[in-house]
Each structure stands twice: as structure tokens, then as C-alpha cells.
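In the two complexes that follow, subunit A is the common piece, with subunit B as its partner first and subunit C second.
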Partner chain A sequence: MNAITVTGLDKNMGGFKLESIDMNIRKGYITGLIGENGAGKSTVINHMLGLKKQDAGRINILDKDLEAERTALLNSIGLVFAEDRLPQNVTPVRLSKLLRTFYDQWDKETFFSYLKTFNVNMDRRIKYLSTGEKVKLSIAIALSHKAELLILDEPTSNLDPTFRMELLEILQELMIDEEITILFSTHITSDLDKIADYIIMIDDGKIIFEMEKETLFETYRKVKGSKALLDDETKSLLIGATSNALGFEGMSKEYEAFKELYGNKVIIESLTIDEIMYYIKKEKRGFDNV
Partner chain B sequence: MYKQLVLNLFHSKWIWYIGIATIIINVITALLPSDTQPIILQFSNSLNMIAIIFTTSSYLSIHDLLRKNNNHYFYYALPNTKKGILKGEYVYYIMMLILTSLIIASYLATNKEMYYVYGFMMIIGVCLTVMSLYYLGFAKYWMRYVFTGYFLYGIPVVTTFLFHFLPLRNVNEMDRALPGFDFYLYHLPIYTLIIGVIMFILTYFINLRNITKYDMI
Partner chain C sequence: MNIRISNQSDIPIYEQLKREIIRLIMNGELRPGDPLLSMRSLAKELSISIITTKRAYQDLEASGYVYSVVGKGTFVSEQNAENRREQILVEIEKKIEDLLKTSKQVDLSVEELAEMMKVMEDEHI
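Up next, the complex of A and B:
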């Protein structure tokens, strides 16, 4: 069962297009949405929130109509924007009073408790908070109104490593204690290595793949070997391959075939999500020799 | 509607403080002995003008504030319907017009020159009209043309002040008759106000039909 289903989403924004976006965000799981800067991650998220209107396609979130039940839907969604969009001339305390008007289940005690844990000054105007503190404030807001779905758009980009680990732990605890779904958009894929169940990659406004994380790691492996082994047939089995005087390396789904053909002459290694993205981008750009 | 109203009030408290302070000063001035009133009036004339500019252009200053730092992304992602946002905007402006009318009424209580009613009626009619023109594109453009809105507001209102309000005052204070200008000075304000009200209502229903069709940001 899906928390979010996107079908055939098309949007033309002049210099950038989303094309036939199909996505399934499974309920009760953490889905990582990866892509480089400008790939379309935030644009897709803006469509899910109703901030942008698609040219074609459908978006279904928590089985509610995006327009007719917008209030109920947004009550169920905890959101962290990629950039600082918070009102600057209010304090977190004053902001809490405003948010109480909007959210049906705004929990001020939980909000202040998170701010205390995150060490964010509640009585300082938001414009005087540091970048990291503003992100922590956004996260506290997202976690303080009993949301069923968390949409986190690059929440860890401006966080120190210690707090990043802390946030990932909080998210994992939430998954255990409560029935929530998390969509985690990021280009820091090492975070997803730890916590994601599913990975969706977007590039240039198109979905490249949508897979269970473990299946992704089983599907793709890095293959390295000497240049002598590189012929047209082996090249066709590689994704984003490069070669130099020392040898070749690339990503492949057919790593078993390489093992069978070349045995110990090739090295098969696991990949990180970063590396998978890197090879896919390389294949698209058509880089060959370094 | 209520949520958007709260949001607008949250961002316009200073306008309300200025408006209410102006009303209080006007009332106090009206209660003062007639020999001290002219001294206060010299100051309160400017204060009333500033207060009326703030109240009648409050929709622009709120949109400007909401757009700072792209705050409107944050606010538009809060639980609220698009129709609720629209209704809140229109109801808020009605509240601002009521405040404007109270400021004018309190000013007339000090000034006691009833011909000013026509001048203020003309200004409010023009403000309603320009506000309606700005909001005509609201469903499609939301807050993307606030700067244009300032021009749309400023030019007609300044023109109305220079070419209707001041001549109206001059004609009455200098006790001069301008032949053929009776319609312009005393009847046109009523028609302008009626047109403003009609446009206000019309643009509301046009926006209501189109509010879910376009990008908010």
C-alpha cells in the first residue's frame, strides 16, 4: 500500500521539464529520493504539496484528494524545505502560536522539547539563528503535529555530522514507535545507505530507477579489470565505464557474466548509492576515456 | 478563511496600531477646545493620510512581507485550502476598509468639513478598483507581481489625490465654483465607489473559479 502514488506527472516550466514521473512511496517505509542539484527533486515535492500544478498526471497522497482535502492532507504531512523558508522576524515561541492555528494536532510541548534537545534558542528571532539551527527548527516543526507522512527535502545538507547522526536515529525511532512514512530527498546519499528502504533516482526531470535498496545493491556492482579485457562486448555490459593505462572500471548488472568469463582477472565490488548515481550520470554524459 | 485571516492579522499588526492610534488621536482632537485643534490638526492631517495609505494598501505590504525569504512557500504548505486563502484575503480587505472608514469618520469628527466625504469616497472607490485589478490575476499568479501591484496602487491613488481630493478641498475652502465640475467633484465619487464594489465582488468569484488551476509558487 502506498502513501504517495504519482502517475504520469508532466510539467513544463520553460527551461526545465518533468517527464512522465511515476513514483510509489510505500506506506510505513523510508524512501530516499536522490538526484544531483537541479534534477527535479524539490519540484516533484512541490507538486505533492499542491504548491505547483501539474500539466498532466495524477498525484494521490494518503488516499486523499489533493485539492478537495488539502487541509486534512497537509495536517498529515510534516515538511522540511530544502532552503530556509521560515519567517525571519518571529521567535520560535511566537511561530508556535501561529502554527497552533493551522495544525489540528499541534503539540507545543513536543515542539519545545525538540527545540531543547536540538539546542535551538526559542526566544531568539529566526533571522538570528544559524543555518543549522533553522534546519533543526524546521525539523522540530515537522515532528510536532503527529504527521503520518514526513517529506524531508534535503534536511541534512546544512547540519553538522553529529546532529545528522542524531536526526537519523530520531527518524529510525519514529519508524519503530509510530506508523509513519518518510520521503527523504537528498544528495548526501550516505544518509540513505543507513536508513532507507527504497531508493528512487531522478535526473533531468525523469525517473531513472525506483528500487528496494537491497535489490539495488544486488543488481549493480562495480567491475574493474585490465584494459586488455575491454572489448566491444564487455563495453556493452558496462555502465559509465572509464578506462586508462591502469585498466577499466564501470558499473554492471551482468557482473556474474564478467566473473564467469574472466574469473580472478576482474574485481567485483559492492557499490554505494553515490557510486551508482555517479556511473549512471557518466553513462548519460557519454564519458569514456579518462 | 479563518487561518488566512489570522495570518494576515499576524503580519499587519503595525497597520492596526497606526490605524487605531490615528482614530484615538482624532477623537481626542475632536474633544479638545476649538482654539487648540488647529495646532493638532496640522500634525493629524499627515497622520490620517499615512494611516489611510497603510490601510488601503495593506494587501500589498502583507504580500511583500510574505514573499520575503520566500516565506510564502512555508505558509502555503500549511494546512489550508486555496479557497480558504482567497476568502481570507477578501475578508481581510473588507476589515481594512472598515478600519479606513473609522479613521475617516473620526477625522471628519475633528475637521467637520463634510465635503471631504466625497474626496474619501473617491479614494476608497479607486482603492477598491485597483485592489480588484491586482487580485484579478491572483488565482493565476498568486504573489508573483507584488511590485507591479505597488504601481497599480500608487499611480491611480496619487492621481486621485492630486486631481480630485485637492481640487475638491480648494474649491470648498476658497469658496469658488468650478462650472461644469459638479459631476466630477460630487457625483463621480459615488459611481467610482459603486464600480469598485462591483469589481471587488466580480474578481472574487472569478478567482474562486480558477483558484485551484495554477501554480501557487
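Up next, the complex of A and C:
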């Protein structure tokens, strides 16, 4: 079952466009939305929140049509943005009072207990908080109104490594509840290597793949070997390959074929999400071809 | 449960998890009827994805190591002889893997390796 279903989303924004975006965010799981800066991650998320109007396509969230029931839906979505979207001149304590009027199920106890755990100063105006504190504050908000769906747009880009690890732990703690769904957009994919269940890659406004993470790791492997092994046919099996005096190296879905053909002469290695993204981008740009 | 998982390993995480649980069952740390952690709690404890633990549990159930009761959780099954044999085969596979890696360092072929084993077997028996 899906928490978010996007079908055929089109949006032309002049220089940039989203083209027939289809996405399935499964309920009860963590989905990572990856892509470079400017690939379209935030634009897609803005559409999911009804902040932008699409040219075509449908978005369904938690079994409701976004357009028809946006207000109700925003109540069940917890949002975390990298950029600042909070009122600057209030303290977190005051903010809690404002949010109570905005969210039906605002839970101030939970909110303050998160702020305490995260070490955020509650009596200082938001504009005087550090970048890290602001992100922590918005995470605390997202977790304090019984949201069923958490959408995090680049939450970790301004965080120090220690808190990034902490955040991942908090998210996993939440996932013990089967009803919670997380959509996590990031270009720091090491955050997702471990905990994500599904990965969606977007590039230049188009979906490149949507896959179970483990399947992704099984689909693509790195192949290395000496240049003499490459002919036109084997070359065509490589994605984003490069070669130098020491040999060739590239990504392949057909790594089993390399193993069968060359046995011990090739090295097959597993890849991280970052590396998979890198090879796909490299193939698209077409530079450094072998 | 004492489970060790490596993110650096070439072996898929769900496969590692499966082997670890089988190991715990075989060495008696997990006894028939013992409950396993819920999939979601285990995912959290090991910092791995839910789908990974789900897949490991499903595989373990399919091969009869554990069984699940809807609403209650997953439990260790009574183990039969065949399972035990399979476990030992897994152990052997692991050792062969190590052996092959080491052999590669000196370009020793599988045939040569097999020959060495034969010689050793003759000596010992």
C-alpha cells in the first residue's frame, strides 16, 4: 500500500521541467529520494505539499486526493526543510502556542521533550538559534503532531555528523510503529545506505529509478580489470566506465557475465548509493568514455 | 540476541543476518519456541532497513528455522536434522570463501587447491 502515489506529474518551469513523474512511496517504510542539487527533489516535494500547481498529473496522499483535501492532509504530514521556513521573531516556547492552533493534534509535552533531548534553547528567538538548532527545532515540530507521514527535504545537509547519526536513530525508532511512513530527500546518500527501504533517483526532472534498496545493491556492481579484456561487446555492458594505464573500471548490471567470461581476472565489488549515482550521471554526460 | 553485521562485507546484509540467526539457533543461544525481536525493532537495533530484516525472516521461515504467528511475532522452530546439515554446509561455504580469497593472493587455481586437499586427506586418514 502506498502513502504517496504520484502519477504522470508534469510541470514546466521555464528553464526546468518535471516530466511524467511517477512515484510510489510505500506505507510503513523509509524511502530515500536522491539526486544532485537542482535535480528536482524539492520541486517534487513542493508539489506533494500543494505549494505548486502541476500542469498535469495526480497526487494521492494517505488515500486522499491532495487537491481536494489539502488542509486535512497537512495535519497528518510532518515537514522538515533544510531552509528556514519558521517565523524568526518568536521563541520555541511561543512557537508551540502558535502551532497548537495550526495542528489539530499538537502535543506540547512531546515537543518540549524533543527540544530538551536535542539541546535546543527554548527561550531564545528563532533567528538567534544556530543553523543546527533550527533544523533540530523543525524536526521536533514534525514529530510532535502525530503525523503519519514525515517528509524531510535535505534535513541533514546542515547538521554535524553526530546529530545526523542521532537523527537516523530517531527515525528508526519511529519506524517501529508500522503506520509511519518517511520520505527523506537528500544528496548525502550515506544517510540512506543503511536505513532506507526504497530508493528513488531523480535527475534533470525525470525519475531514473525507483527500487528496493537491497535490489539496487544487487542490480549494480562495480567491475574492474585490465584494459585488454574490453572489446566492443563488453564495453557496451559497462555504465560510466573509465580507463587508464592501470586498467578499466565501471558499473554493470551484467557483472555475472564478466565473471563468467573472465573469472578471476576481473574484480566485482559492491557499490554505495553515491557510487551508483555517480556512474549513472557519468554515463549520461558521456565524458571519459573508454 | 548477539548479532554481528558488517556493512563492509560483500555478502548482502539480509544474508548475513540470516546466517547470524541460524548460528544462534545452532549453537543453542536461541532455543525452540524462543521469540525473535520484531522485524522493526531488529532493524532499529542493527541500523538496517526494515525490508532487509523482513527478507531475512521470510527466508528463515521458508527454510523452516522459524515460524510466525500473526499478531504475536516470530519464533524459533523445532530444528530437524536436515536443517542442521544445511547449517553446516553454510559454515563450510564460508570457509571455502575465505580459502578462495587467500588462494587468489598467490594465484592458486581451484584445481590446485582441490589437489592440496586430496593430498591432505590421504595423509590424515
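Convention: the second predicted complex is superposed on the first by the 286 of 290 C-alpha atoms of A that agree within 3 Å, B and C clash if a C-alpha of one lies under 4 Å from a C-alpha of the other, contacts with A are read in each partner's own complex, and residues count from 1 in each chain.
Everything that follows uses one rule, which is that a contact is a pair of C-beta atoms (placed from the backbone, for glycine too) under 8 Å apart; a residue touches a chain by one contact, two chains touch by 3 or more.
Not measured: the values here are computed from a predicted model.
Student: So, does A:269 touch the first partner subunit B, the second partner subunit C, both, or neither?
Tutor: The second partner, subunit C, only.
Student: Under the stated touch criterion, which partner chain does A:211 make contact with: subunit B (first), subunit C (second), both, or neither?
Tutor: A:211 sits against neither subunit B nor subunit C.
Student: Name the contact category of A:30: first (subunit B only), second (subunit C only), both, or neither.
Tutor: second
Student: Which partner chains sit in contact with A:84 here, subunit B, subunit C, both or neither? Use first/second/both/neither.
Tutor: first
Student: Which of the two partners, first being subunit B and second being subunit C, lies in contact with A:49: first, second, both, or neither?
Tutor: A:49 sits against subunit B, while subunit C stays out of touch.
Student: Would you sort A:74 into first (subunit B), second (subunit C), both or neither based on which partner it touches?
Tutor: The first partner, subunit B, only.
Student: Touch check for A:103: first (subunit B), second (subunit C), both, or neither?
Tutor: A:103 sits against subunit B, while subunit C stays out of touch.
Student: Which parts of subunit A are in contact with subunit B and also with subunit C?
Tutor: On subunit A, no residue contacts both subunit B in one structure and subunit C in the other.
Student: So in the complex, which bits of subunit A are touching subunit B?
Tutor: 46, 49-53, 67, 70-75, 79, 81, 83-88, 98-99, 101-104
Student: How about subunit A: which of its residues touch subunit C in the complex?
Tutor: Touching subunit C: residues 28-30, 168-169, 172-173, 175-178, 193-198, 212-214, 217-218, 264, 269-270 of subunit A.
Student: In the complex, go through subunit C and note every residue touching subunit A.
Tutor: Against subunit A, subunit C makes touches at 7, 10, 12-14, 38, 40-41, 43-44, 47-52, 55, 104.
Student: If you look only at subunit B, which of its residues touch subunit A in the complex?
Tutor: Its residues touching subunit A are 2-3, 6-7, 10, 68-71, 73-82, 84, 212-217.
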